[in-house]
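My questions will all concern the structure given below.
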Amino acid sequence: MKIGVLVQEGPYNHEASDSAYKFIEAAMAKGHTIQGVFFYDDGVYNVASKMEPPQDDRHIAKRWSELGAKGVDLIVCVAAAKRRGINPDLIMPNSRISGLGQLSEMCTEADRLITFGD
Amino acid sequence: MLHIVSRSPFSDDSLKSCVRIAKKDDPILLTEDAVTGVMPGSAVASLLQDAMKSHAVYALSADLKARGVDRMLDGIKVVDYAGFVELVEQHKPMTWL
Amino acid sequence: MAKIMFLNRKAPHGSIYAWEGLEVVLIFGAFDNELAAVYMDDAVFSLKKGQDTSELGIKGFIQTLPVLEDYGCETILVEKESLDARGMTADDIAIPVQIVDAEAIANLMAEQDVILPF
Amino acid sequence: MLHIVSRSPFSDDSLKSCVRIAKKDDPILLTEDAVTGVMPGSAVASLLQDAMKSHAVYALSADLKARGVDRMLDGIKVVDYAGFVELVEQHKPMTWL
Amino acid sequence: MAKIMFLNRKAPHGSIYAWEGLEVVLIFGAFDNELAAVYMDDAVFSLKKGQDTSELGIKGFIQTLPVLEDYGCETILVEKESLDARGMTADDIAIPVQIVDAEAIANLMAEQDVILPF
Amino acid sequence: MKIGVLVQEGPYNHEASDSAYKFIEAAMAKGHTIQGVFFYDDGVYNVASKMEPPQDDRHIAKRWSELGAKGVDLIVCVAAAKRRGINPDLIMPNSRISGLGQLSEMCTEADRLITFGD
């Protein structure tokens, strides 16, 4: 199946980001295709490239970027990002900034669209 | 349709709204803080017991373990993330934020 | 083409969710989708007449609400039980909507391809 | 002590907890989404009416206006931000997140 | 010197609040303050025995809870009504605490210079 | 009076940041001294220097920075900031990064400590 994922909350502050990641891992392990991950609202902070979490903690941005390296399309909402100070120079490799139209497309093309938020 | 509830049913109204709206036989999956609701003898036990008359109610194991939930109402089904994905294969998901 | 429902449950202004739930309509309306919006629980306040956000210094809803219809979201449902619980009636609602019970919402939900919660 | 409640009393338990804990005569200030609770005839009207027997209950005008709250339970006092500051001058504040 | 109370009301792991409510104790304990912590509402789950966050991939509380006492926060109150509502008893609590009613919390609160909510 | 302010939520997503700002404005207008504003948790995003909100919207970071120019001490929690990708190069003029010890000090020295969060 083609599964689209919408993430509405930022990293560390809410479990939503972790839940989304774990769900995607499990879906890929079952052979599903991730149509894309759309980061909206505070979700745009997920791929902030300057993150430096404590050494014994998970590195959320790096984890997303590695998923991007496997071919998962990581899309950061441009309007939400600009507002919050996230620009193309400040996002992780394998992620990109684009508009809500991408979310609309994902809704049309994916077999399932699942939201993680709070 | 699969109804996903992630907020604590003690402090938030999302589980209550989900149960009010969900159609008979639609499954409900409790994740994140919502798994705290499955302990027996709690103030939301009757809400969940009523829900189980019309819905299969699942709880996500990783979240149960993280919160030390070591006892559950009869009838709650435990799933891991693979089981979560299977539920999404079978039903379109709707998340109650 | 997909059937997409925006399910709004959060109060306006206290968080950006309610606002972003309107923003998506602006964009999604440009694509060939069949859109519906539901307002229930605290989100019924997003449709309240007489909102004046000038003292808060943020953009208001009242000017923006007409985007719902203008951008092709012709089905707008408001849950009666949510209105009742908040001491509100049809007279409090600023735009034309259908006031319905939980079952009507459930029925429309069941027809959707995607439900996006805000 | 001044008790500040900002979350909607319909979806969140913070007002209920505040009322349970607040000492007699401690004022309660409703801000942000919490001001939605002051409309007459709502599901939280009796909670607020009971609260007003032991507490002065204030609501912040900027937030009332933003949400179009055009009618209120008897006894609710409206303050602007200057009034909010005065309450904090008179009492140590505690915010119910 | 100030009397400072940390008032915890949020569930652990779903948001970072509960965690940050412990982090502050580590730092505040180094200063000459009189500290107290209250756990009520969903925060009683932060003290629950048997928490295992390894599957979530986040740091747990169980190892960290002893910081409360070690760092000079000797008064730890848990509200009985909150435990009751969640089907929990004194046996569920992982560290030594005082289980009290709302009035006892109100009385301790009234003595504080500052209350920090988490 | 000396008033300390704790902000626990980020800009735009939650009203907490707006409420804190409006409260401070009103307190200063009444002649009170703001002992400092401590940004904790997602609050650290408040002074992100790359923010570009829509032209007709408030610029939250700029607003804080202007308050800093008037002598208000704006303190960003170092641990919360690092984790979220906020470093000294990415914060507004008139704000600074420091530790929770500053919050502890504020609790001791201010006559009032008020928290804005969600």
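Points worth noting:
In order of appearance the chains are A, B, C, D, E and F, and numbering begins at 1 in each one.
Everything below uses one rule, namely that contacts are C-beta pairs under 8 Å (C-beta built on N, C-alpha and C of every residue); 3 or more make two chains touch, one makes a residue touch a chain.
The structure displayed is predicted, hence computed values, not measured ones.
Counting C-beta pairs in contact across A-C and across B-C gives the higher total for A-C. Counting the residue numbers that touch the partner chain, subunit A and subunit F have more than half of them in common. Chain centre most remote from that of subunit A: D (centre = mean of CA atoms). Ranked by how far their CA centres sit from the centre of subunit B, the chains are topped by F. Look at where the CA atoms of subunit A average out and do the same for subunit B: the two points lie 24 Å apart.
Taking the mean of the C-alpha atoms as each chain's centre, subunit A and subunit F sit 27 Å apart. A separation of 38 Å divides the Cα centre of subunit B from that of subunit F.
Residue numbers of subunit D whose C-beta contacts span two or more other chains: 6-7, 10-11, 13-14, 32-33, 62, 92, 95, 97. Counting only residues that touch two or more partner chains, subunit F has 8, 12-13, 15, 22, 41, 57, 79, 113, 115, 117-118.
The multi-chain contact residues of subunit E, meaning those touching 2 or more other chains, are 9-10, 13-17, 41, 56, 58, 113-114, 117. By the contact rule set out at the top, the touching chain pairs are A-B, A-C, A-E, A-F, B-C, B-D, B-E, C-D, C-F, D-E, D-F, E-F.
In the complex of the two chains, the subunit D residues touching subunit C come out as 6-8, 10-11, 32-33, 36, 39-43, 45, 61-63, 65-70.
Contact residues on subunit D toward subunit E in their complex (touch as defined above): 1, 13-14, 17, 20-23, 92, 94-97.
Those residues of subunit C whose C-beta lies close enough to touch subunit F in the complex are 13-16, 56-59.
Across the interface of their complex, subunit E is touched by residues 12-15, 18, 22, 56-58, 118 of subunit A. Residues 9-15, 41-42, 45, 48-56, 58, 60, 85-88, 92 of subunit E are the ones that touch subunit B when the two sit in their complex.
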